[in-house]
Amino acid sequence: MATERQERTIQEVKDSDPVCDAQTGLKFVHVEADQAVAYITRLRDVQGYTHLVFFTAIDYIEDSIFRLTYMVHNYASRQDLGVQVDIPRHGTTMESIHHLWPHAATYQRELKEMFGIDFPGSPGLDDSFILEGWTGIPPMRREFDTKLYSEQTYFPRPGRVTHDTTAYMKEKLYPSEAETW
Amino acid sequence: MNEIMTKAWYTLISLFVITNYGLLLGGTMARVRAKVQGRIGQPVWQPYIDILKNNFKRTGIYHGVMFYLGPVFRLAGGLGTYLFIPAVYGSLVFSNFSFSGDLLLVMYFIFFGQLGMALGAGQSGHPYSPLGVSRGLAQMTAFEVPFALSVIAIAAQYQTLSITEIVAAQQGGILNWVAFTNPLAMVAGMISFLGMSMGNPFSVVIAPQEIPIGPPTEMQSSFLGMLQTNRAIFNGAKLVLFMNLYFGGATNIWIMVIKTFLIYLYTVIVDASFPRFRTDQSIRFFLGTPALIGIAAVVLQML
Amino acid sequence: MKESNMDGLQTTATETEQQLEDMAKEMRLANDGLLEQDKGYFCDVRPHRVEPYKGIMESFANWARSQSLWILGFGTGCGAIELRPLMTSRFDMYRYGIQARPTPRQSCVFIIGGYASVKTLKRIVRSYEQMQGPKFVLGLGSCTVNGGMYWDSYNTINRIDQYIPVDVYIAGCMPRPEALLGGFIKLKQMIREGKCEGMNKYIDDFDWYKANQKQIIHDWNMPDYNW
Amino acid sequence: MTHIVLALGFLLVCIGFWGLMTRKEVFRLIISFSLLDTGVHVIMVGIGYVRTGTAPIFDEALAVAGAVGKVVDPVPSALVLTAIVIGLAVTALMLSFAIRLHASRGSLAVDDMKELKW
Amino acid sequence: MVSPLYLIAMLLGAAFLHPLIQNRSKLAGQLVVLVVLGATVAIPLQWLMALDIATMQTVVFQTAGFTAPLSINLQVGVEESLFLVIINGGALFSALYFFRRRTREWEGSVQILLMTLVLGVNGLVLGRDLFNLFVFMEISSLSLYALVATTKTANSYEAGIKLMVAGGIASALFLIGVVFLYRMTGTLNLDDMIANKQLLDNKAGITALFLITASLLIELKPFPANGWGADVYQAADPGVSALTSGTSATAIFFVLYKITPLFGFELLQVVAASGGITFIFSQLLAYKQDSVRRMLGYSSIGQIGLLILVVALGSLYGEAFTTTMFGGIFLLVLLLGGNHLFSKAGLFWMSGITGQHSLGTMRQSKTVRLGPVGAALQGILTSALAGFPPFPAFWAKWIVITALLAFGSYWWASIILIGSLIEAAYLFKWFLNAVKSPVDPGTVHDEVIPEDFPEEPVKEPMAGASPAGIVARIARQSSGGWIAPFMATAVLVACGMLLATMFILRGRISGYRDMVLLLPLAVLVLWTVFDVIRVPFKLQIGLAIICSAGYGLVFLPGLDGIRLVFGLIFIAGSAVQMVPLLNRRGHHRGLAGMLLALVFSLGNLLFASSALEFFFSWELMTITSFFLVVRGRQASGAALRYLVFSLGGAFSILAGLFFGSSPLAALLLGIGFLVKMGTLGLHIWLPGAYAETDDDMSTFFSSVTSKAGLFMLFLLAGLFVQEAIPAGFAAGTRLESLLSGIAFTDLLGWLGVVTAFAGAFLALFKEDIKYTLAYSSMGQVGYMLLSFALMSQLGWMNSLYLAVTHLMFKGMLFVAISGVVYRTKTRLMYQMGGLITRMPITFFTVLIGIIAVSGVPPLTGFGAKWMLYTALIEKGWYLQAALAMFASGIAFLYLFRLIHVIFLGQLKDEHRTVTEAPIWMLIPQVVGIAGIMLYSMYPSLLLKPLEAAVAPFFETTISWDGYTVLSTLGYWNGTAVMYVTMGVFLVPLLWLLIVQRKNTQKVGQFNIVYAAERPYRPETTHFGYNFFAPYEKALGFLHKPLATRFWYRVVSVAEVAGSMVRKLYTGNIQTYALWIVIYTSILLSILQRGM
């Protein structure tokens, strides 16, 4: 049950036009974290956005936030709507929406493993998703140095060289045609 | 004593012939199937190599006594089934042990190998093995119905259950074959033969994708080699049986080869042309039209 | 006199028993990755080296092995898509005696089809160990050689030969089926020459391989050797 | 006379039955029952009555021989006496039961006596 | 002879003096009552000694110095004496019941009332004066009214008033009737009236007589005018109910019996009809009852109705009844009445002792569980009431049915049989409810998967076996009123034994062979003594094994042919099957005796030389086996089904025995035997009974008892070859040509093969292992029936061959499985798995067993298949042959499932420590394996004797060539097959051993290829549940429990009838009175129309 304040916010959000992404044509709404679930519930039950397309997170380490995006879809109006929620990077906890869409639990499990975002109450949250027995910092957080980790862990075969693609093509593969470019 | 030694030699010869024939037949049919699909296909002797390789495996595992004995049971079932069928009519060498029992014995001895294999597969503890066994047995009981009806019709027709006598009654021309004197019985029997050879559309038993080849999932090395040997022998035995029952038997080994080859070809053609039934569908299928045809054959004999 | 003789015999007997016990202990695997109550479910015997036959017998056996290569139908990565064309009439692998089998028990060739994640590696190791020897491994694609284009991922194995012995590598991203067939022909040749003793190598360096595997597979949860 | 007595008796019996069937209280049932009983007694007396007969006392006026036709049969009277006694006993017992019933259940209505059924 | 006046005077005096004595000492007062009542039993006994029983002598006692018409006379004859003995005996036991109960009901007034009641009752029996009878009737009624109220509850007063109103109306009718009779006959003396019967042969006379009869009938509570009676039974103290039902009603019934000579034809018919209707409707009503006492009340009413029916019919068809035994109709009345009196009184007392009021539905039981003694008593009393041998009602029932059928009175016979069946059903339902274990759901969980049963608490060890301990125990148990039902039981048992001896021997004792039929009874007595003196259970079973072996050695050599084959099955088979029981710990009261009695009654079927002897043994077998089934932990529902079906079958047999060799006889007898065999449609008792019995006894039912029906079919085979449709049926129509020529054997053949199919098919989907085996047994019996129905040499040989081999392999399987269940503590197959490593011998047994059952060569089962199909094809039964083959294929499925799901696959954690079955369970298995191996190796060892056994019946169609048996169609050489099989088995085995001699590693149970994963739990890795799901999907529609549904419909018809009828009893006193009036009027109008 949404509180009065939440109701008001939802009303405001509803009245205001969602931001339309010029490139993709997708519409996005920005919601405060504590009102997000109530708003999504309303979207699902009242506005007809009955399908959770995906649920993901982006690490904005510069702003010290994770931006969660709930992508919902309305079959009747064939309308996608992205609900964006910013949560702080530290002590990250978000309200679970597995009660709205059971499959959301899987997304939340993935977010827990990859970003360390906690969703209290979500079923099977701590089961390993891809990384079995991972103990370090979650690998999708941008402070995790994946190259360093790989080099330390996976016996890199010596002799690997990384080339600049354009230069390499010019020099090695098509030297005769290089001038024509 | 001398008689027994002679019989032993004859038996060995007979088994040698049927084993090699079965293996070559398998290789040939794989080749035929490849040609149908526009491929070159494996060499004709590929079955020999596969058996050799499996027996040359350096390691093996087993899950228990019944797992160990399962392939033995299976091979014994194949050998026994063959040995109770007279392979070539009038031949001393290929009469085998057909004096110890009639058609009923052969029909029930088929179960011997099935049971042993099922037990071996069961002890592996792999869930897919009994799943395959369940499918296989369920399908087997179903295709036994038209086959049984067909056999009863033949027994009623000739008033005998002895295979030798059934073959004897079919001598003297192609029109004396059961296939022509009792076509309904033949149709019912040949449909159930499709189920017995477990090709498409009745191949769900070994379904390689869902339940890795069913009962022998855990079988490897020499165990698997033994099963492959059995497949050749048992295949031969079944072909010989159906040849004897419906197509006038064989008076010499070449006729046997030709007839069994054609019968086998028929199953391969069906195999290559159909998709697969689910188990319950094949049960319903066998208890439907083929069973009705069999009943018609039997009822014709009763009139 | 008699008594002392008896004593001597007894000591020998106990000593022999002691030795046997020690040997048996040595032959057992620790299986530390398993929960205590699960240990009874798994065989803990240490695999041992099996010597090839001598002389022409081994040559004959190797010829048979090379003519009957059964692939384990386990596509570990994107490269597995290149296995399918092999069965078609265009490439027709059957003519080389190559078939696909759905169970590791009956297979002798393991194709590591493309890049392997840590999670997949665990399954690769398990399947490899469940195959009966002699068994051969084909590394398909660059990712099995050096990690390929994902080499710096947190999750990609760079060199598969650190974890299981590989007989033949087929480089490329992706290699075409023709390359795959070439690899097979190379493998056959090596088998006939008796060079494919990967299984014995694995057993000889068992502890090294295990250490490598355990270094990255944190959630071990299986016996040390999957019989 | 006999017929009148008999008719009266049957009337009483009928009243008794009617009471038994229609009254809704245990006491009235008992009264009806008494009526019924009395009716039966009257019938018995009526049957045994001989119009011109005399009392069955053997004395000079009544010789033993041939007495049968002249005396009123004494047996029905004897029966009635016994029956009245027994009827009295039954009525008394009924009344005592009724009292006890009222004491324990607080009601004498017939419709309340339905604890036991089916 | 003691004058009967003393009897009355004594009772009267004691009743008057009692308060005085009671004031002095309570104990003395009670003792006086006991002494006086004892004397009332002793005096008639003295009369009996003085009287000449054979001529039914009577002595008339005059009173007041006058002769009969003028004064009251009392008649003492054999009839009166015997009735007084039982009636007063019942009263004495009642006194004992009150005495030992020490409840507040047992006050001085009650004692006095008891004596006055007995006084009235004695007068009723002895008096010959109609008015005198009225007085005595009123005395006893008044005492009874007062006794009913002794509970001092509102309900009892209510019941008392109802009773009094009804009694008042009845006495009014009686009085009017008496007066009219007197008016017409001029006498009140019964003897004079009977002498001047012609005076009453007019409308008025009959009406007057009718009034008296109606009054008596109303006192005896006829349907529907009997609502108050049931209320009384429900409200009164059980002791009083026992008196009402036993003492009082029996005496009033005796009055009715006394005046029957006055009745004309019409009146007798009316009385008979009333009795019959009362009987059948009371049983229906009782069936629907929830209150135990009301149920018993209805049962009493019904039994009295039966008595009335029997008396009326006896007078109607006098000559048919008198031919049977001495005493004619009286004997019947005595047997029925006495049996009812003691058993019903006993049951009332039991209900009082246990304090059980509500039956509850079987599902939600709220019962007081009876101890062993109580269970035994209630079991015996219930059996006696239901008319099982050797109790008096059994013999009475036999005589009645015999006479009725001889007279052609089929309707009455069927009413009596159906009523008895319903009665047995509800009585045993109560019994089961009282004895069942707390974990018993009370239903047959055939279609649902049962919960795992919890461990039952271990019973505490009982006191030692010292004589003092025994005395102390008996004393302890006899307190609280146990003594009364115990005495009643003792009387019934003694009478039963006596009657059995009398009827079975019939005066001839020409050697020990005649005694053989009585052996089961002797065994029951002897082993009961063993139980009392605490002979250890193992010793008891050991003795039983020795005894059955001895029985076999002594009696079987006298037999030949088919009887010998079945004798060996029954006796030798049983002796071996008893061995697993030696494994039991603790004491199991009555088990060994019942088992041995069952074995002997089975054996006695072989020796029965007359219909009665046969039926005696058959019923004995039914009841003993029922008591064995009851012992199962959750068996109550199954036991009830078993009992009802067995009893129904037995009644069908009883009826069929009297139709000579007509098709009807074949039909009725056939149904009876088929019930025992459990063929399709009549099988619904079978799975539950086989499965829910204790695990180590299921084998007994499946492998031994089920053959009894088959044996009887063989014995009476001549009946079944006749045409099933009598000539002239549907004559002239097209139907006739279709139906003519269908013999019973054709029907039996189809029934057999369909049963075989259904048994196999139903076994396929059962998760409960014992249900699987039970259905499997059903299927196997179907094969036997099919082979029998072939009526050819090969067919019969096969039937016998199957019977023998089925004994071996099914016995083995059941014993092996009982070992598994014993160790794993579960019956659900999918909860087992992988037990081969823990129980290798059992596994081997099961392996041999399933190979043998499924008919896979080279073991014995194939012989049966070979003979079956050969015989079928010879006979031309092609379609049956095909269906049989399908059935055998399906049998292979469930057998594989059996061995796989239990022994192969994944071993469960909780079974990791399971050990091999106990040695006693292994012995029969080893014996079975040895037998199967022997007969597999040399089938001729079995086939040749069977050939000889069948030889007298058919021309031979098979011949022998060495070890090869040749039929007209084919041949089979079991020995050669065995050798070839061994050869082809050994060669690959040797090859494998050589190739795989090293480097082959035995691995653990989770070392499987699991799609590159690993299994985590054995439970989720073991494929066992719903094993043949595709079959269910394809043919599941055949799997519906149609037969069960049909029988439930039949039962629900009875239930609906019962619940509709019981709406009559509104509880309103005026309705009751109205019913009395209506009842009387209807009877009167029927009577008038009849005249």
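Think of it as A, B, C, D and E in the order they're written, each chain with its own count starting at 1.
The rule we apply is simple: a contact is a pair of C-beta atoms (placed from the backbone, for glycine too) under 8 Å apart; a residue touches a chain by one contact, two chains touch by 3 or more.
Note that this is a predicted model, so its numbers are computed, not measured.
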When B-E and D-E are ranked by contacting C-beta pairs, first comes B-E
Closest to the centroid of all CA atoms, by its own CA mean, is chain E
Whole-angstrom distance, CA centroid of subunit B to CA centroid of subunit D, is 99
Could you please state the distance in Å, as a whole number, between where the Cα atoms of subunit A are centred and where those of subunit B are centred?
59
Taking the mean of the CA coordinates per chain, how far is subunit D from subunit E in Å?
49
Whole-Å gap separating subunit A and subunit E, where each centre is the average of the chain's CA atoms:
76
Expected list for subunit D, residues touching two or more other chains, is none
Expected list for subunit A, residues touching two or more other chains, is none
Residue numbers in subunit E touching two or more further chains are 999, 1001-1003, 1005-1007, 1009
Chain pairs in touch?
A-C, B-C, B-E, C-E, D-E
The residues of subunit E that touch subunit B in their complex are 834, 836-837, 847, 850-851, 854-857, 862, 865-866, 869-870, 873, 876, 878-879, 881-882, 885-886, 889-890, 892-893, 896-897, 899-900, 904-906, 964, 968-973, 976-977, 980-981, 984-985, 987-989, 991-992, 995-996, 999-1003, 1005-1010, 1021-1024, 1027-1031, 1033-1035
Residue ranges of subunit B touching subunit E (in the complex, touch as defined)
55, 58-66, 68-69, 71-73, 75-76, 79-80, 83-84, 97, 99-105, 108-109, 111-112, 115, 118-119, 122-128, 130-131, 133-135, 137-138, 140-142, 144-145, 148-149, 152-153, 155-156, 159-162, 212, 217-218, 221-223, 226, 278-281, 283-284, 287, 294-295, 298-299, 301-302
Given the complex with subunit C, which residues does subunit A contribute to the contact?
128, 130-135, 139, 144, 146-147, 149-151, 153-157, 160
Under the stated contact criterion, what part of subunit E meets subunit C in this complex?
909, 912, 999, 1001-1007, 1009, 1012-1015, 1018
Contact set on subunit C toward subunit E in their complex
37-38, 40-45, 50, 74, 103-105, 123-124, 126-127, 130, 221-223, 226-227
